[in-house]
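Both complexes shown next keep chain A, but they swap its partner, so chain B is in the first and chain C is in the second.
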Partner chain A sequence: MKRFVAAGDVVVLKPNIGWDRAPQYAATTNPDVVGALAKLCYEAGAKKVRILDNPVNDARRCYRQSGIADAAATAGAEMVYMDGRKYRDVRLDGKALKSWPLYGEIFEADKVINVPVAKTHGLSGLTLGMKNWMGIMGGARFRVHQRLDESLVDLVRVIRPALTVLDAVRILTANGPTGGDLSDVKRLDTVVAGTDQVAVDSFGATLFGMKGSDIGSVRLAANAGLGVMDLSKLQIKKIGV
Partner chain B sequence: MKRRDFLKWTALSSAGLALPCGLAALGRMAHAARGPDLVVVRGTSTPQIVRAALDALGG
Partner chain C sequence: MTLARTRRIVQGLFLALFLFLFIQTESKGTDELGWPVRLFLDVDPLIALTTSLASRRAEGLFWPALVLAGLTALLGRIFCGWVCPLGTLNNLAGGLRTTRPNPPGAGGFRVKYYVLLGLIGMSLFGVQLAGILDPISLTIRSLSLALYPAASIAATSLFDAICRLNLPLVTPASEAVYGLLQKTVLPFRQPWSAQGVFIGLTFLGLLALNLVQRRFWCRFLCPLGALLGLLSRRSVLRRSVSEECDSCGACVGVCQADAVPAGKDRWRASECLLCSNCDDACPKNAVSFGLMKGRPRGGLDLGRRKVMASIFAGAFAVPLLRISPLARPRMSDAKLIRPPGALAETTFLQSCVRCGECMKVCITGGLQPTLLEAGLEGLWTPVLVPRIGYCEFGCTLCGQVCPTGAIRKLPLERKQQERLGHAAIDRGRCLPFAHATPCIVCEEICPTPKKAIWLEQVAVKDRNGRPIRLQQPHVDLAACIGCGACEKHCPVVGQPAIYVTSAGESREEEHQILLQPPPAAPAK
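Right, the complex of A and B next:
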């Protein structure tokens, strides 16, 4: 972790805690992934690790039910309940979004680590790393669903995490993003990590038998030069432990 | 062409031909030193797979 986190850093972890669901439903990031990352940040010398999301359901219920509040407490990290006064209009000058209120702490932190869960999504096909940035949007964020892929690419232009760790311990293979049926959940016991968020998402698509190019946001982000979609151009290390 | 000129020409041409391969090799070495672009780790202990992923990315 010392490659990514320096002594004294304030680190923000951004898991997907969007739903009031227990971990086994794979609708939210696995708490053990979040807890392990927080612990590694502290081992690397982080001054503070803060964990936040802007859930669809009630934040207190989501934080507790997901198991992430407990994992944070064990690791000594702080759960942040997002404060409406801390959003700031960020100029995006994108194709779909010209500006949008985004959560200030993402830009004030020394390091940001994106920790999405891999799951299906009714509109975008899949929700992986790039889609997870919707959790720092304020305002009427569901409006962006009208031009979702372009909007996600506009966000990715300004949000550059130090690292993305895609949780595929359990993946939700149908009826995402909410889920709720354990028969839709597949256990892979896997994480995918990298600094290129487009590459992580492109690989993430393969966990569902898809290609990166099947996902609109991945295709558009790669075309915009924001990362690499073509997995043959990447050095990918696979490890079993 | 005099023998001395021929030897100079041969040496320079060889260096020129070797350069792209040399640069490619340097590029590969730099890439390898930086570590993999992506790490995919599988295992039954979630904390261990997270730690292994970070270790493989260069600590």
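Right, the complex of A and C next:
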């Protein structure tokens, strides 16, 4: 972790806490993964670890029911409820989005770590790391589904996390992104980490028996030179624990 | 310390308790509140009496009200004088009246008894409107739907303005105060209320009546006060005046009600709030309160004809109200979406006391007071307005706070299958149907484990004849519970492209659409 977090850093963790579901449903990032990351950040000398998301369901319920509030408390990290005043219009000059209100802390923090969970999604096929940035969007964010893949790439262009940690302890294989049925959940006990968010998503697709190129946002982001899609060009270390 | 000062402290403590429980009527992320937030409603005998009369249900829920009724029969209207939060607020508002008190009215205090009898007459024939005038219900409703949201918006605007000014020292200090208020008394999210102005002005108007006469509401109008007055006619805690009395009339002026119209001997047990003002004011120290046996002297003569007229007036209101088709199955307003666990409409209206607890606790703020959507009989009952807030899948709080069981307290698994209605798609507005534009928000958001909205892969053409592949949503009636999450988040602004109506709601047999509606899971 010392490679990614310097002493005195304010670190923002952005898990997927979008839904009011218990951890076993794999609709939200596994609290153990979030808690462990927060702990590692502190061990690496972080001054403060802040955990936030702009959930679709009620934030109080999402934070509690996902188990992430408890994990944060144990690790000494702070759960942040989004403050409506802290969104600011960010120029994106992208293909789909010209500018959009995004949560300021993401840009003010010294380091940002994206901690998505791997799930299916009706439109993007899968929701992995890049899709997780919808959780820092303000405004009428449900409009971006009209050009979702391009919008995500526009976001990725300006948001540069120090690290992306894709939680695949449990993955949701159907009825995503909300889930709610345990028979749709598959236990993989896997966590994918990388500095290249496109590569992490591309690898994430393989967990579902798909290829990175099957995911629109991965394909477009790789074409735009934002990361590597071709797994054969990557150095991938598999560590068994 | 005088008794009146002790009384003021007790009043303050009860008001503080009332407000504390009100603030606690809010989710903290779990499905429990941790406090008996409806305590004041639970002990209210007027709610207990009229609800059980109107709905012919008792269901063992009203015993706390019996405790207060018994206490009143024994000790008189101590609740009014020492406990009632609206009474205390009236006292506070009465402090604004600086001129000499009005002489007691001729017989105005009797009006509240006729109000009470009218309400009882109605409830005997199955209409429950007591909650409109019940002081506890009235106060919680006015706070929930008007004063609290207004206070919140005022605080937010103030602190936002200071924040924008970005002054040294001042802004950091105000932000710290704001943070503290947000953690303690301010709501987690700004509550919106469709009828805040109306309900709020009514409440402030009632308080303003103290300028005409102190405790105007308690003296002349309050039906709960009237009920407690009837119960307290034989109470043993009574006032006595010694021979020292020279009929100076000091007590007449300080009486908070019309209990001592002529000083010395005439004392109306039913009107006395036991505030002890007369005891403190007496220059001869001739007044005392104590336990006494036997029948009290001052009776309560309401006049037999007026009593009968009040009951008949209430009873006659019943058929008049019932002409409205809106309370009838299959004729009701399509957007009359009731909270999960609400009883069938007729019994629901007979049980709901419009206290606003459910609307206060609703986690998304979607529960709103009706105006005339359910007829005049349904005034200020809760209706889910999904565009404001949907019904949160994992939440059962409205059923937990309902004081009368008008919204049943369902176990979570059962509530998650309770249909409030069904969603329907407006293909003329839906982006994939009408505009060949991708959008799957309703499907994405749908919270049922097997999504009630499913997507069909289709090939359509745009205006240039270019083929486009996209997904069009459909509603599976067997899975849809009408929570309204889809309607809330539909990106088609204004009239949404997917919306919920009450058609198919579990609670109303005649509102089913399917020949074989999916059964709800048996309660565990």
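Criterion: the second predicted complex is superposed on the first by the 241 of 241 C-alpha atoms of A that agree within 3 Å, B and C clash if a C-alpha of one lies under 4 Å from a C-alpha of the other, contacts with A are read in each partner's own complex, and residues count from 1 in each chain.
The rule we apply is simple: a residue touches a chain if its C-beta (ideal position, glycine included) is under 8 Å from a C-beta of that chain, and two chains touch if they have at least 3 such contacts.
Note that the structure is a prediction, hence the values are computed from the model and not measured.
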Fit-or-clash call for chain B and chain C when the two complexes are aligned on chain A: fit
Touched partner set for A:146, first chain B, second chain C, both or neither: second
First (chain B), second (chain C), both or neither touched by A:208: neither
Touched partner set for A:60, first chain B, second chain C, both or neither: second
Touched partner set for A:237, first chain B, second chain C, both or neither: first
Degrees between the directions from chain A toward chain B and toward chain C, using C-alpha centres, nearest 10: 170
Touched partner set for A:189, first chain B, second chain C, both or neither: first
Chain B versus chain C as contact partner of A:20, first or second or both or neither: second
Chain B versus chain C as contact partner of A:85, first or second or both or neither: second
Partner chain in contact with A:121 - chain B first, chain C second, else both or neither: second
Chain B and chain C, minimum CA distance [Å, superposed model]: 25
Overlap of the chain B and chain C footprints on chain A, listed as residue numbers: none
In the complex with chain A, residue positions of chain C that touch it: 27-30, 160, 163, 188, 363-364, 392-395, 431, 437-441, 443-451, 455, 471, 489-491, 493
Contact footprint of chain B on chain A as seen in their complex: 1-4, 30, 32-33, 35-37, 39-40, 163, 165, 169, 188-196, 199-200, 203, 228, 234-241
Contact footprint of chain A on chain B as seen in their complex: 31-32, 36-54, 56-59
For the chain A and chain C complex, residues of the former touching the latter: 19-21, 56-58, 60-61, 63-65, 69, 81, 85, 121-123, 140, 142-143, 145-148, 175, 177-181, 184
